[in-house]
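The block underneath contains the structure these notes are about, expressed in structure tokens.
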Amino acid sequence: MKEITTRQFIIIAIIVMLTSKFVTMPTIIFAGATKDAIFSIILGLCIELLLIFLITFVIQRNQDKNLFQLLKEKFSIVGAYIIFILLFIYIFARLTFSYQELYSFFVKLLYDEFSPLLFAVPAFFVTGYLAYKGARTIGRTFEILFAFIVFGAIIAISSNLEFLSFDTNMPYFENGLSPMLAGFSNGAFYFGNSICLLFFVGKIKITQTKFVSKTMLATGITALVVTLFCFIFYDVFGMSMQYTLFALTEYSQYDPFILELQRLVWLSAIIDITKLFCSTAVFVYCLGQITKPFLQTKTTLLPIIVSLLLVFSIATLLNYDLEIMFDIIRNYASYATLGLMCLIILICLILCIKRRKNEQKFIQ
Amino acid sequence: MEIMEDLKKRIEYFKQKFNNTSDFASREISTKNGTKIAIIYIENIIDKALLSGSVILTLQNIEVSQKQNIYDLAKSQIIAYTKVSEPADEETMLENILNGFCAILFENTEKVLVVECAKWIIRTPAEPPLSAVVEGPREGFVEDFITNITLIRKRLKSKNLKVDQMQIGKESSTQIRILYLKDVADPKIVEKIKHKLNEINIDGIVDSHYITEFLNTSKHSVFKQVGTTEKPDIAAAKIMEGRVVIIVDGSPIVLTLPYILLEDLQSSNDYYTTPARATFLRILRLSAAIVGILLPGLYIALLTHHIKVIPVKLLITISNSIQGIPLPPLLEILFIIFLFEILYEASLRMPRYMGLALSVVGALILGDTAVQAGLVSPPAVLIVAITGVMSYTLPEQSTQISFLRLIFTIIGGFMGIFGIIIGVLFLIGYLVNMDSYGSPYLAPFAPYIKSDLKDGMRRRGYPQMTTRPESIPNINHRRQKSERNND
Amino acid sequence: MSKNLFNKIVLFAVVFFLILLAPSAINTPSQTAVRAICTGLAIDKGTENQQVEVTAQILIPEAGGQYTQKVSLVTHDGNSLEDALERMAYQVGKKIRFAHCCYIILSNELCQDNVALTLDYLMRGNNLGNNTLLIHTDKKAKELLNLTTNINSNEVDNLQVITKFNEKFLFNRGANLKSFYADYLSPHQTSYMANITVQEETADSSTSGSGSESSSSSGSGGEQGGASGAGTPPVVDKLTTDGSIAIFYKGKCASILSFEEREYFSWLDNNVYNTLMQIQGVTDQELVDATLSFTIAQKRLKWQFDIVNGTPTIKINYDLGLRPEMIIQGNGTSLPVYNNYISEAVQNAVASQVSNAVQSAMKIQKEHGFDVFNFYKSFNIKCHNEWQKYLQSLDDKENYMQNIEVFTEVSCHNTV
């Protein structure tokens, strides 16, 4: 079923790619890489771009099957189930983290007291609603919000431009490459976001030519925006980074010259929260897609309810505590994500190459 | 056809058919030859001058020679003055009489003639109060569907303009006309609309709004799903875009389908001014609508949950004004919103000369007294007043905006900005799912349709609008030769 | 499950959730009623065995109150900032919100210890904006805060306006919480703060307005801010600043630069303009023992960082555009200013004055060990290996300023 247009897919790719990148990622990477953090981010973004490239390539070549059918065809049913289980674990962790991040972001940015339950019920309801309504609704909703998201990103980047000194963190690579790699291994979890684009295989009405190149152009610009944001952030905040947890909340407050109007910049943080919600809905959608073959149902309602209940119980068990999640990310999740990304890259390559061989046979 | 021989008996028979209604009238006359003729009609809907001056006089002067028969003669002579026809059956005849025809019964023949001599009370086309324009046509639709079709035909002198007729309502027998351009409108959509209309089985339709609810695709939605207009120029423009226009007899409100949200943003004024100004006005309207929906909710959210977002000096002003107000902020705002809605409703229903006094003085006095009495705070009154004004920049959606404003106020009070974000996401998710006869409700923004943006937030000049909107299904996409071809 | 039933269940759930929340939501008072809004903080050294004494300026909403809002001062001491603030919350009976806190005033006494450790709580806490201004005062911080009890009086505006002006034109960097820590945590460990003092002044009728207002409204915990002078005319405190800066090294206040000293430092800054320059005793073909005043309309610096034989050297090339303002000959006659007076003698005089200023600035820096212009970073970027070697060769790595030598070269031209 073709549900979304190319443009909608590109917007989804951009928003998914931006998830958490303005929020908790800069801090976690800085903790490992200190002054070389920006290079960890560039490295991560490059790998993510490669991933997106391969995924869009797979999408372009397989327009008539969904992911599960595709995997079943190439790797047999057992292989498909194994890959789905791996994907389930990643997306599940990503989703749980997303909710926790959202909750902490709210508490840090806006609230004095905020009961987790009061957060969880509406948040799960709305993300679940968007996911249940399917890719078409998600795509269109993102299309509406996209202008605002661009606006938010522009505010976020421009608000601190005047304090840029370019050399705060220079010289780079003072201690070799190891800090950069440490930073990367801390934050690799964040660069796996785009894995969930896999679930849009077979759902895109590809009308435009140059689908892959257009997607790559858009995501490439997004990567540049992320790099620019992080660069400005690291440059302006220097070593006091270690005091920050949510980049954007701190960032929006750091605007010393217009004290009374500084709070306009909150808008960008609020837009970012909306963006986080959007990408969370995408993760819920993916989780629903994964659970579907396991539950052997055709509707999406049951899988989404089941997976959301699971996420809800885990998140409640962890009490929406970010610190625990940070430990998990640093010590386990990032390495696991890295492994999964390699696996996905491999799978995509296999899918592309096999398909090409088939096509050649067909032509002969 | 069973028509009794004896005229008197026949008249009595028809009177019975109309349940002995008191306005059933009959006249018996005879021609020069002495042939008896009876005319029956409903008294109050007949043009008496036409009846006596043209029909009766003509009939009286008929001289039947041997070759001719009186029936054909009467028909050929009366036709000089008005429309004459032979009803297919008795049912049609009765229907015609109810529609302002008079029936002519002849002695010694079963045949009947129906002559149109209706005289309905028709308002002259005046400028509709709700869609006034600064520069532009000032004609508005009236309650008579024939006049309305005339007004549209006057603007669309096209042989492709098709008028399909239909009649709905067991009791009211309301005339419905469906207008569309045959080579533009998507036949599937026209069929679908006709099918929906045919399914209606209601006793009577008094106004076109009765039909809108049958035409809605989402039954429980608070959003408007059928376009309405009071102006023939708008209706004509919509027909040219490939829409279908439904005219209901007795209603000056004409329905247009498919309907998308963008139409509310577009006012007819936009098309009679420069593109730049139209664009500016549209942005203004949209932002006013957004502010109108969200402002009270945001105010409550900021005040009860996030004072840290409010700048110091503003916070001082607000906290001073709300100090000592007995009601909690949410209740206070709800109270004022309630008050304002009541005022609005009352001012609509009051006699006009009182309504004006009530709306201005009432709002001033009530608001001011409430503030003075320390019941409500000035910022709250101000915010509700501002949003009240803002919601009327989109007059067609003002009720929906009021409703949404109330919802967002409550959510903002419940959960703060988090609730508002959730609400906005849910609202957008809901709206993008809506679909009106093949047109996505939020088109051309979601899904994004590039060619339609020429008349989206930004209105391009007419030379640039070379194609019809893609968001409205149509079979003829091109509207004018592109500029390049013209050169 | 049919779609209709699903919709009904969803609707029921939403309505149920809303009804569940309704009572608490409707009863939620405005946050201004349950939070104490702090608009300024003053931190002093505690008395006796307490570490700190914190004074908070707290906003009190007043029904029908005017835009010019009174605030009250609440003081509490404690072992740490956190402790003091927590006790203060009990004293006030409300949670204290710092999001609107515009400035933190630190007393000189407190700044003798590492302030970064004291302020750590505020930095980590999620309440305080990281752009809160930091202000150093050489007297008691509370006294300065006491002068600003009227939120919209001139004093508050002054405090913010002065600090902002200083940030932009005198230090060329933020003097706020975030930049303080950013500098403190960098290798050079040197941060800035504006220095504002309280000055006793005899009030005359024209200035009594804001001054008396602020002192009469001093709050519950505060002492009278010294305004209770017995005789007439009353003595009123006024806050003043002469453009002096407090320089912090390793979190402690290392030195307070006077206006003249700050002028020396501004020669080392690319962006801070030295506005006026006066050279005396110039004699050349035209001038005899003349005094020349110039406006510096243009200042371009070219830096050259190098390590020569293990000694870090900095060469600074100045390109100055001078606009003559007043030229007075030795005999007292003044000359027209529209001529070009930049002769070699004038050039030399300017060069020596610049050189003196730079050397004086360096001398102050070497004396206290701080590194205001972050030479560490510049050397580390420009000649990384040699710099690291140089640092290795030192006994005390942090004392790297000792051997840095600065040479200046000045070329100047006349501008209109």
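A, B and C label the chains in the order they appear, each numbered from 1.
As a convention for this text, contacts are C-beta pairs under 8 Å (C-beta built on N, C-alpha and C of every residue); 3 or more make two chains touch, one makes a residue touch a chain.
Computed from a prediction, not measured in an experiment: that's the story for all the values here.
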Next item on the list: Between B-C and A-C, name the chain pair that shares the greater number of C-beta pairs in contact.
Entry: B-C
Margin query: Measuring between Cα centroids, which chain is at the maximum distance from chain B?
Written below: C
Note to self: Quick check on this structure: which chain has its C-alpha centroid closest to the centroid of all protein C-alpha atoms?
What the structure shows: A
Notebook entry, point to check: Roughly how many whole angstrom separate the Cα centroids of chain A and chain B?
Noted result: 47
Check: With chain centres defined as C-alpha means, what is the inter-centre distance between chain B and chain C in Å?
Finding: 66
Item checked: Chain centre separation (chain A, chain C; CA means) in Å -> 40
Next item on the list: At least two other chains touched by the same residue of chain B: list those residues.
Entry: 305-306, 308, 312-313, 415
Next item on the list: Among the residues of chain C, pick out those that touch two or more other chains and give their numbers.
Entry: 21, 31, 35, 97, 102
Check: What positions in chain A touch 2 or more of the other chains?
Finding: 112, 118, 122, 125
Notebook entry, point to check: For chain A, which residues are in contact with chain B within the complex?
Noted result: 5, 7-8, 106, 110-112, 114, 118-119, 122-123, 125-126, 129-130, 133, 136-137, 139-141, 143-145, 260-261, 263, 266, 270, 273-274, 277-278, 281
Checklist line | Residue numbers on chain B that touch chain C, as the complex places them | finding: 220, 303-308, 312-313, 315-324, 328-331, 374, 410, 413-415
Checklist line | Residues on chain B engaged by chain A in the complex (per definition of touch) | finding: 305-306, 308-313, 415-419, 421-422, 424-426, 428-429, 432-433, 440, 442, 445-448
Check: In the complex formed with chain B, which residues of chain C make contact?
Finding: 7, 18, 21-22, 25-33, 35, 37, 39, 59, 61-67, 69, 97, 99-100, 102, 127, 151-152
Checklist line | Touch list for chain C against partner chain A, complex | finding: 1, 6, 13-14, 17, 21, 31, 35, 95, 97, 102, 123-124, 126, 129-131, 133, 160, 164, 167-168, 174, 176, 178-179, 181-186, 377, 380-381, 384
